[in-house]
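One chain, chain A, links the two complexes that follow: it is found with chain B in the first and with chain C in the second.
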Partner chain A sequence: MRIMLVDDSKTMRNIQRNILAQLGYAEIEEACDGQDALSKVAAFKPELLLVDWNMPNMDGLTFVKTYRGQGYKTPIIMVTTEAEKTRVIEAIKAGVNNYIIKPFTPETLSERVDQTLARLEAA
Partner chain B sequence: MSAEPANSPDMDEEAGGGSAPLRDAGIEVRVDRERMWAKVVIPAGLDGATVTEQLLAQYARERGIAITSAAEKKLTEIAESYRAAGKPVEEIFAEATPPRHGRDAGLEWVEGFDPEADRPVGAVGEGERVDFYNQVSYVSVQPDDHVATVVEPTAGEDGLDVTGAVIAARRGKDLDLQIDPSLDVRPDGCVVAKIGGVLELKERCLSVTRLLEVPEHVDFSTGNIIFDGSVVVRQGVRDRFVVKASGSVTVEGLVEAATIISGGDFFCRRGMAAKDRGQVLVDGDAHVGYFNNVRARVKGNLLVRRELMDCELVVGKSLVCDQGAIVGGRAIVTGEVHAATLGSAGGTLTTLVLGEVPLAVVQLHRLESMMREYRQELDETTQAYRQMSSSKVNLRADEKERITELGFRVSELGRTLQACETKREELLEHVRQARMVRLLVYKVIHPRVLLKIGGREYLFEETVKGPVTIGWDAHRNVRFRIGEGESRSLHDITREINLAA
Partner chain C sequence: MDASYILPFIASTKTVFSTMLQLQVSCDKPVPQAVIPTKGRDVSGIIGMSGDVLGSIVLSFSMEPAKQIVAKFVGADVPPDSEDFGDAVGELLNMICGGAKAKFEGKSVSISCPSVVVGEKHKVQQMSDALCITIPCRSDCGEFVVEVSIKEAMSSTATGPRAAASTSS
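Up next, the complex of A and B:
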C-alpha cells in the first residue's frame, strides 16, 4: 500500500515511517508541506495520507481542502497537536477521515491506520 | 499391459490380505495385503477336467483381480499343469507393476567444474586421517563457462496393483540448491558463469566469487592486497604485507611476518614463519604446512601438515596436526585436538586450553556490553518521557512532538533489548552445547605440556607414550586412556596445579 507522510518535521516523518514499516508498509513517500505534497500526489498516487496541520508554505487544512477539491477520495488521517474540538470538526468538514493528536504512541498510530482502512473497506 | 476391468465386490475385505475359500471346490485365490501379488491354491484330488483356466479366472475376478493377458497365460499354465500332474498347487499368477518414482532434480557437472570433486573428507573421527595432499583449493571459471546443467525432476511412472488400481509414483523433488546471480541459468538448464572467479558451493548455494591471482610475491611490487573475492598468491607473502580477501586466500609459497585475513578458507601450501609479528584471521578453515610464531584466529578447523611452533591460536572448531607436533605457545580449541606429538623432549612449555568456546564467549561479552548501554539509554529516555508526559503546564507544539519522539524511542529500545536477550540465550545455549574435551595424541606427550580444562590445570611431568585419548566422562571428570586400556583419572599422569599458587 502506498502511503504519503506530510509533515515539516523530519523526525516526525521518520517516526511514522518506522512505525508503518513495522506494520508492513514499505512503500512510503514524504512531503515537507502541503505544497510539496500536492506536487507529488499525481505521480505517487497514495492510497493513504498522514497529514500534519501546522506547516509552512501550505498548512495541512488548506492541503486537505485543495486535495479534496481536485476530486481525490483517498483516506486522510490528520496527525497534529491541534486538539480543540472546533479544530477537529473543521478538519472533518474539510474531508479528513481520522484524527491523531500529538503526542501519540506507536500503538495509537497503528490502531488509527487499521481503523481508517477497515472503515474504507466496509464502505 | 492390458487389463480386464476388475470386479471388486468388497475391496475392504481384501485390505487385510488372506483368502476366502470358494464355494465348492476348495480352490483359493489369495491376495497380498498390499495387493502386490495374487496366488491360486489348488488342493490335490480334484477332478482335473473341472480345473480350467476359465474357472480359475472367474474365481480370481470374484476376488477383484484384474485378469491381464499375462495373468491369463499363467492361469492357463497352472490349469494345464494341474490336469497333467494332479499335484497340489500354490502359485502366484498375477503381480503388480511397482511405480517408478521420479528422479530428484540435481546438477550435472561439466567435467572439471565440480567444486567438491577433489575436496578431502571433512569429518575427523577416531582413526581417520584428513588427506589434504590431494585437495584442489578452488575451481577457476571464466565468464560464459558452462559449469553444470540443471536436471529437472521427473514425475515418475505410476504402477498398477493386481486389482488394476493405480499405485501413484512419487514426483522427484525440486532442486534443493540456490544459484547465485553470479551464474545464469538458461532456459535449457545450462548454468553459465557470468563473471570470472572461483566457483564455490557453500551451504547449498552455488556462486562465483571473483578471483585475483598474484603471479609472484606479495611485496613492494604489489603492495597490500585487499580484494572483494578470493586471492591466489603464486609465490609468498613478504614481511609486514597484508592480504585481505572477502573470499578464500591461497598462498603457494612461504608466508613471512605478514597479515592474512580471509573471509573464507586459507590455504598455505608451505607454511608461515611470522616471527611474532604475523597474524592470521580466517572465517573458514585453514590448511597449512606449518605455523611458526603465528598469532591466529580460525573460526573453522585448523589442519596442519607438519608442526605448530610457539603459536598463539584460537580455533573455533578442531585442531588437527595428526602427523606433526604442537610445540610451545598456547592453543585455545573449541573442538577436538589431534596431534602426533605434544610438547618437546627439551621440555618447552606447551599449553592447550580445551572445553572453551572463546569465539562465542567474545560475542557474548560484546552483546552484554551493548545491552548494558541500551538499558541505560532506556532508563534515561523513560525518565525523560514520564517527566514530560506528566507535566501539568500547557505544552507547546514542539514539546508534544518531543514526547512522541521519546515514546517512540522507548518502544524501539524495548524491542531491541528483547531481540538482544533472545540472541544472548541462543549464544549461551551454543556455548553449553559446543563445550567439548577430546584430545588424541598418537605418539607422545612430553613433560611440560599443560592442559587447561574447565578452570583446572593439569601439568605433565613425565613422558607419556601414545596413543593417548583424553576427554570428559559423563560427569565432566577428565579421564585418559592409553590405546585400548582402561579409562583412568587424568590425575594419574599429571599434576594438578593450584591456580592460586
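Up next, the complex of A and C:
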C-alpha cells in the first residue's frame, strides 16, 4: 500500500514512517507541506495519506480541500496538534476520514490506520 | 496570569514527554520568570500564540538534557548543529502548545510554526507587557523549563488580563 506522509517536521515523518514500517507498510512517500504534497500525489498515487494541519506554504486543511477538489477520494487521516472539537469538525467537513491528535502512541496510529482502511473496505 | 492558562501547559508537557518519549516529567511550582535566573539556556524552542490569547511559549534546556531528550525522541543521537535537532525540539514544543491551547475554554487560539535557537547561554526576551511564568521541569534526562508569557487579547475580554492568582502563592 502506498502511503504519503505530509508533515513539515522531519522528526514526525520519521516516527510515522517507523511505525508504519513495523506494521508492514514500506511504500512511503514524504512531503513537507501541502504544496509539496500536491506536486507529488499524481505521480505517487497514494492509497492513504497522513496529513499534518499546521505547515508553512500550504497548511493541511487547505491541502485536503484542494486535493478533494481535484476529485481524489483517497482516505486521509489528519495527524495534528489541533485538538479542539471545532477543528475536528472543520477537518471532517473538508474531507478528512479520520483524526489523530499529537502526541500519539504507535498503537493509536496503528488502530486509526486499520480503522480507516476497514471503513474503506466496508463502503 | 490566570492559573487556567498555566495548568494546561504543565499537563501537556507531562503528556507529550510520557507519550512520545516514555519519559516521566515532574513539574515544580510555576514562578514568575524573575525568580529563576536565566542560566544555561543553550537550546530554546519558541512558539507564538495569537487570537483570543496573545503571547509566546518557550521550551528551554541546557545542552546535555537537550541532547538526551532529542535522542530519546528521535531514537538516535542527533548533532545539535543539525536541522534535525532543531526540528525535534520544535515539534516537542508544538505538541506541548497544541495540547495546552485545547484546554483554553471558549478561546480560539492559533499557534505559529516553532523557531529554535541553539547557542550557548542565550536569553529569550519575552513580551514586556505580559507576565512571564516559568515552569521548572525535571526528568531522568535532566532539567528544562517551559516559559509561558501570554495575555488575553483586549477584544476577547471586557476587563483586560486577569491578575496572577494561585500560581504565585
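To be clear about the criterion, the second predicted complex is superposed on the first by the 123 of 123 C-alpha atoms of A that agree within 3 Å, B and C clash if a C-alpha of one lies under 4 Å from a C-alpha of the other, contacts with A are read in each partner's own complex, and residues count from 1 in each chain.
Methods note: a residue touches a chain if its C-beta (ideal position, glycine included) is under 8 Å from a C-beta of that chain, and two chains touch if they have at least 3 such contacts.
What you see is a predicted model, and the numbers here were worked out from it, not measured in a lab.
In the three-chain model built by superposing on chain A, chain B clashes with chain C. Of the two partner chains, chain B and chain C are each touched by A:N54. Applying the stated contact rule after C-alpha superposition, one finds that A:P106 touches chain B and leaves chain C untouched.
Annotation for chain A, partner touching more residues between chain B and chain C: C. With both structures placed on the common chain, the touch criterion links A:Q70 to neither chain B nor chain C.
With both structures placed on the common chain, the touch criterion links A:M12 to chain B and to chain C. By the touch criterion defined above, A:S39 reaches neither chain B nor chain C. Using the contact criterion defined above for the overlaid structures, shared-chain residue A:E84 touches chain C, although it does not reach chain B. Of 40-48, 58-66, 76-84 or 94-102, the chain C stretch that intrudes into chain B once chain A is superposed is 94-102 (criterion: clashing C-alpha atoms).
Chain A residues in contact with chain B (one complex) as well as with chain C (other complex) are 9, 11-12, 15, 18, 54, 81, 102-105. Chain C makes touch with chain A in their complex at residues 15-16, 19-20, 73-75, 83-84, 87-88, 90-91, 94-95, 97-99, 101-102, 108, 111, 113. Against chain C, the residues of chain A that register as touching in their complex are 8-12, 14-15, 18, 54-56, 80-84, 86, 101-105. Within the complex, the chain B residues that touch chain A are 389, 397, 400-405, 407-408, 411-412.
Partner chain B is touched in their complex by these residues of chain A: 9, 11-12, 15, 18-19, 54, 81, 102-106.
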